[in-house]
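All chains are identified by letter, namely A, B, C and D, in their written order; residue positions are counted from 1 within each chain.
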Amino acid sequence: MTAEPEVALDPASAPLPGPSSVGDAREQRVYVASQWQLMWWRFRKHKIAVVSGLVVIAFYAGVLGADFLAYADPDASEAQRSLMPPQRVYWFDGWRFGPYVYAVKGARDPQSFKRVYRADPSQKIPIRFFAEGFEYRVLGLIPTSRHLIGVDGGLDAGQTVFLLGTDVQGRDLWSRLMYGTRISLTIGLFGVTVSLVLGVVLGGLSGFYGGVADTVIQRTIEILRSIPTIPLWMGLAAALPREWSVLQVYFAITIIISLLGWTDLARVVRGRFLAMREEDFVVSARLVGCSQMRTIFVHMVPSFMSHIIAATTLALPAMIISETALSFLGLGLRPPAISWGVLLQQAQNVQTVAISPWLMLPAVPVIIAVMAFNFLGDGLRDAADPYGR
Amino acid sequence: MLAYIGRRAILAIFTVWAISVLAFAIIQLPPGDYVTSYIAQMASMGSVVSDEEAQNLRIQYGLGQPMYVQYLKWMRLIVQGNFGMSMEWRRPVTEVIGERLWLTVVVSVAALILTWVLGLPIGIYSAVRQYSVGDYVATFVGFIGLAVPNFLLALVLLYLGFVMFNAHIGGLFSPELQDAPWSAARVWDLLQHLPIPALILGLAGTAQQIRIMRANLLDELRKPYVVTARSKGLSEARVILKYPVRVALNPFASTIGYTLPYIVSGSIIVSVVLGLPTVGPLLLKALIAQDMFLAGTIVLLLGVMTVIGTLISDILLVWIDPRIRLEET
Amino acid sequence: MTDLGRTPRTRQRRSRIVMALGVGLLTTVLAAGALAQMAKSGLIGKLEGPEVVTDPAKFPKTFNEAPQLAALVKAGRLPAVAERVGQDPLVIKPLHEIGKYGGTWRGGFTGPADFWNGFRCCSGPDHLMFWDYTGDKAVPNIARGLEMQDGGRAWLLHLRRGMKWSDGKPFTADDFVFWFEDIYRNKDLVPTPSAAMAINGKQGTIEKVDTHTVRFKFPEPYFMLPDVLAGSTDLGGQWSAYRGLGGFAPAHYLKQFHPKYAGEAELDRKVKEAKFDSWVRMFLAKNDWALNPDLPVLSPWKTVTPINTPTWTLERNPYSVFVDTAGNQLPYIDRVVLTLGENLEVINLRAIAGEYDFQQRHIDLGKLPVFIENQAKGGYKVYLDPGDYGGDMIIKFNLNYDADPEIGKWFNTADFRRALALGIDRDQINETFWLGTGTPSSVVPADSNKYNPGPQYRKLWATLDVKKANEMLDKIGLAKKDAQGYRLRSDGKGRLRIEIMTLGGQFVQYTQISEMIREQWKKIGIDLTVQEVERSLALKRTAANEQQLGAWNNDGSEHLFTFPLHVFPFELAAVASSGPLYVKWFHSAGAQGKEPEPRMKELMEKWKKAFGVPEKERIQLGKEIWKIAAEEVYIIGVIGMGPASMGVRVVKNNMGNIPSRQYNSPDGKTPGISRPATFFYKK
Amino acid sequence: MACATRLIHMAAEPLLSVRNLKTYFTQDEGTVRAVDGVSLDMAPGATLGIVGESGCGKSITARSIMRIVDRPGRIVEGEVYFRRPSNPGGGKGQVVDLAKLEPNGLEMRSIRGAEIALIFQEPMSSFSPVHSVGNQIIEAIQLHQPLGRREARERAIEMLRRVGVSSPEERVNQLSYQLSGGLRQRAMIAMALSCEPTLLIADEPTTALDVTTQTQILELMRRLQQEDGMAIMLITHDLGVVAEMATDVVVMYLGRVVEQAPVDAIFHDPRHPYTRALLRSIPRIRSRTRERLTPIAGAVPHPYDRPTGCPFHPRCPDFMPGTCDRQAPSLRSVGDHHAVSCFLYE
């Protein structure tokens, strides 16, 4: 959103001189900048929002650098390290900083049938930074095999490190988590974009024009909302061609989620339009003879940007949750694909809760991400709030 | 006003019809039919259904005919108030749903109440005291509920319930009271089983209420009419509660109607995990087994509930928010 | 193919077999070691069970009954127990001791589709013949005896005199005739004649000799009949009555629902009243052991609240013909209550919490540690009942796959199949998914099984040998690889990708295991795609010949002849198939479908032949069939003799006559084979 | 009174006397000195016009007086002496320093709305959208007067009639949305005057209205003033309005009083360069909110970077380098009742 409409819109606050009026360019710039400043200042007040903002950025950095952050092949399975608990990392080797873990030996206890692992203090495995590991391409372009951390010997090292332990198949949870994050967060982003566009446009039309458009759109929304989501998911998901690859399915799923996700936003937008249609600045905008599209997108939409932002940031976590839900139903992404949903779905059993609780760790990033998005949204919302000053 | 309600009612009827069609279509979307899934089931248990037998079944269930014929047959049944036989349960659909329906309502309402009782006050508080520690804490706690994948939470609570309190696992009744006739004991038993489901189902909702209330109220708080109210010399509490809160409540009115069916369909997964004898898991099973009439009826039921709910809340909205009243009438 | 061509290939094969046998022997020893290790853990005991007393001399002279029945007798509402049991009781020698009456057996089930649950525990066994606890020998059960006549063309079935249905009406030859004439032969009720009633595709007949004697007649010798009657077949008692099968049916009760006796108008009224679509639906529903409490039965317990309610309850059958050696009418336990569990985690957790007294179905091997951990707290003990079948997980090659000729070609190349089999690291999979309780194995059944071709076949093509696998693949013309080290198609269309179809939510985690195999096959340059599909979709795809590889188990194949569908392509309706076209060919006697390759054909013919030959010969044929299966690897055996499917048993400590190990098999209706009627509560 | 020398209308005892009022908004990004040492006096029944561009602190002054400044703004210094009417009998009531009162305390609330009433700019949104106009007026009445619902309602209707709302009986049940801008402002006034305040603060009362309505409203206010004899503090940037209504004028710039004088003196003998500039730019079209004022060279500096010395010097035609940008001038008398704060006159 740009500063001008904000100013133009709010009779109470239009400072002087308005951008439309005379006054030299320099002051204009200062002036506009200060509008952004104000917004930034307001945003800054919401401490948690700022932190959340950073968290979100961090997450998406992680999305881009998944292969770099992962240090093990997420699919490499090994029975002899099945269900290994997270390893304790020792940060200091004597006095100097040199993180290492102890080598572990594992076997199945013939009585309890649990796999038990013992650390062997005689065998230190130093953790190396920017170590050699499996091959990958940075952003799918530059081939490399450097990873954030790793151990000497790279792939063919007999003993290696498991920060978050391993799953039933002895696959490194940390690395799987990195790849899961990539998929889940992109799904969310993609999905929200789709439903945002749908929501604003359709909601806007229905609210602004009213009449037939409104009726039709409202009915559609009502019908869509009246069908419980799960049958819709099942129906649509089942309708997907079977021979589709994991990736295709993954996009299809996203579309499905967002096709159902836009209705909420649309309702919000419509509501605001209804409430606002008669407000004077809109009327005046009409009188001045702004084209309707212009009226909508230049004058009306920005004036409740805050609500769109709020609804969107609320929608994004919803996307993430939906993805996990779909996987739970075995409709969404399925193994061998890795996503938060898949990881959680594989943790959704008694034995995990009882004897390998670390497999539930993927819930943590989910929680953090969802909360971060919410707080970020809150902060933005407050900052963009026209009555904020 | 009446004219408006009338118009909406007519639209609602149309919507219901559209839903029935859509519901039917959706249920038909997955490949195969009940017989297919039945055969598959048998096959996965090692026993075998021959093609001829399958054909017979299809004829007996009327699955052979084209879809529109099946739809019309279904409609005819419904008009007669007979929702058909559940193929998997081999009982009239109404019976199968009947016993579960009101349990569903009980659970959902419990969750709903929890949501509002927690959500609204916290929302108001954290809007009025924006950026205060209380605001942060409240929203934080609220959002945890929104963020935790509730099916996982459900399982964990189930397990902890067993480990710590030796609680009965899942369901809404202890085995001995499962199909006992209604009695004080049974009600008490139900109440004892209620908290965990209500909590889990309520959590996410609560967070949303907090967020929405906070957002709306923050908007209203800065409106000039609040200054006006203040300049009259009203006490702060009165100012807030009579004016901005009142206005900020409107959006809730617009949701209150369909919240119930929404919870029902939204809570299917949790209900499955908790093994609740509610409509949700039934629907899921029916869909998997492609038990057409059962699934169809439940979807339709929820649909109708939603439509009526929406109708109610729209009327409510028009009633409490004059701006829209002016729009619509 | 010319002789010149054949000889080297066969020699080559033999040499390999010899070599493989060596490895086989070696590893069986190791496997045995593993088993011993587990026996130490006390989870797997020795196979044991109750026995049926057939010698009338040993029969009890007087009978006792459950207190509540005694009360009814005193009240004159029930005839005396001796009268109810009849002259020829079915005497069972309990495993450990004579039990006490009373108690409720609590268990869990997952809904109306889970009828096998109740059948296995409580629907009898009401087979005419049934297996002894070893699962190898068919002994008289509901029938007093079975007499072969006319070189196997006729079988004389002797019923127990004075035996009664659960409603007190006598059980006679008429019930067989009614079933045969009015149900089995009614095209509406039973559209397709059952293979069980036929020999070499020719249907047999049933006729009444006298009140207590029935004759089964067949156009050709049917030596298999005793096993068929004992197995979970279409002649295996009332469990299959809901499909109009079973071999007998309560004529006196069912006639009122049959158009031949009831009369059109009358029947229509009934159908309308009960909201059924047709009389057929109603008749079958009325004839459903689990659904209709009014249906007269012969089993020790009978349904009182049906399977389509939140609790499926069964109560003792007052006319039960089962008695123990002391003359106590069985069952000991008054009632069985199965509560609905909306999902498997809930059911397992309830078992862990000790809310069930005896639960075997739905218990998940992956949770074994949790079960063991909570044994004391839940007051139960965990037993493992490894199956006798060779594959808790098997992988079927679809030999008819033609959507991609290249792939079809390789599937029909024995060495390709064998190489893939050698590419699997079974120990890894056993350790990961069977917690080490299974046995890496080819498809052949347990060594104790009478059809087992010999220990050397256990490991034939069922060991990890990456080097050899690669050599074989190179040799057959898949030597070229791409940059990632995956083998290229011979038609130059890029990488050779094959797909395995798996089902989720089963007793065995096929998808996850396949994922692991995908990783292992990377080492032999095979690129595997894992496709988890939903059940009915799997069915459609196999039937439509769209499946490439299919993962499943061969549960039941320990009874090779009554349960052949996991040995060779026998059924179209299968969730994993090794050749739908062969199925058609087999059942249409070559009229339709595709003619199998020679050795598959040989296998099929041996199987057909076995039904018409005496047991000794049949056993020989069985061994040969397994030999072929193991050598040709139409189906890859992964892990066998495991407890993964229904092999984990959780039993309250206060239950008596519990075997420390049972014969685990669908045919044996485990735990039915342990005669649950003899279970009881010590206190 | 201490600094009486500079003050206007010594004769009567002032109704309101603001002394060196400072209201600051303290935020992370800096302190906005919205009101920076304003002093002014109002006699009972007088009409004081406060003029200046938006953001010069007019409204905040008014809100400070009413003690309804939103957080984070607060009065950091100064006094606001207000003379309360002792009792209906008249005579001298006691003087309270509003600045010392608890903003939401009982006493402040009994003054607010009852003795000091406020009407302001946005007739659109200054009524609650969901309560009827009547409801809101009645509430005000009942709050300060011991009247039952019915009497209060009567009173409300009568007030509406007084402010010239036609058929008030129906209007009273209507919602602000159903009223025209003019009617809303009338209703607003009705509400403000319903408790017969002694001081009415009108913050840009006519800005949002079209010319004809504007004059009507002003007319109405004058009439009511004559009838009820309350004092009016008229905050506006519209010198025309001031000319019509005010007896005395205070010109503000960036939170300070730059000049104050009787209305004639301001119009015929303006001293401060800013006042002159203002006079030079009497608006041509008054109706459009967007062009309230044709600008003075340059813009009002951003609140966070206010100039050193005389706040006006960056835009001042008579800017004296070395002086104006060094220290701030103080308000000094330049003839009777006429005070200016500018170095030109020192």
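Definition applied: a contact is a pair of C-beta atoms (placed from the backbone, for glycine too) under 8 Å apart; a residue touches a chain by one contact, two chains touch by 3 or more.
As the structure is a computational prediction, the values presented were derived from the model and not from experiment.
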{"item": "Identifier of the chain whose CA centre is least distant from the whole-structure CA centre", "value": "B"}
{"item": "Selected pair, greater C-beta contact count between A-B and A-C", "value": "A-B"}
{"item": "Intercentroid distance (Cα basis), subunit D paired with subunit A, Å", "value": "50"}
{"item": "Whole-Å gap separating subunit A and subunit C, where each centre is the average of the chain's CA atoms", "value": "48"}
{"item": "Averaged-CA centre spacing for the pair subunit B and subunit A, given as whole angstrom", "value": "26"}
{"item": "Whole-Å gap between the CA centroids of subunit B and subunit D", "value": "54"}
{"item": "In subunit C, residues with contacts to at least two other chains", "value": "345, 349, 352, 534, 537"}
{"item": "Shared interface positions of subunit A, touching two or more other chains", "value": "12, 45, 238, 278, 348-350, 354"}
{"item": "Per-residue overlap in subunit D, given as positions that touch at least 2 other chains", "value": "121-122, 177"}
{"item": "Subunit B-touching residues of subunit D, taken from the complex the two chains share", "value": "63, 66, 68, 104, 108-114, 117-118, 120-122, 125-131, 136, 139-140, 143-144, 175, 177-178, 188, 191"}
{"item": "Complex contact set, residues of subunit B against subunit C", "value": "30-32, 36-37, 39-56, 60-62, 82, 85, 88-92, 96, 99, 155, 158-159, 162, 166, 168-171, 175, 178-179, 271-277, 281, 285, 288-290"}
{"item": "Subunit D-touching residues of subunit B, taken from the complex the two chains share", "value": "223-225, 227-236, 242-243, 246-247, 250, 320-323, 326"}
{"item": "Subunit A residues touching subunit B - in the complex, by the definition given at the top", "value": "12, 45-48, 210, 215, 219, 222-223, 225-232, 234-236, 238-239, 267, 271, 274-275, 277-278, 306-307, 310, 314, 317, 321, 324-325, 328-329, 344, 347-350, 353-354, 360, 363, 366-371, 374-375, 378, 381-382, 385, 387-388"}
{"item": "Subunit C residues touching subunit B - in the complex, by the definition given at the top", "value": "106, 111-113, 116, 188, 190-192, 232, 240, 243, 275-278, 280-281, 285, 288, 291, 305, 308-311, 337, 339-343, 345-346, 349-350, 352-353, 355, 503, 506, 534-540, 555-556, 563, 565, 571-575, 666"}
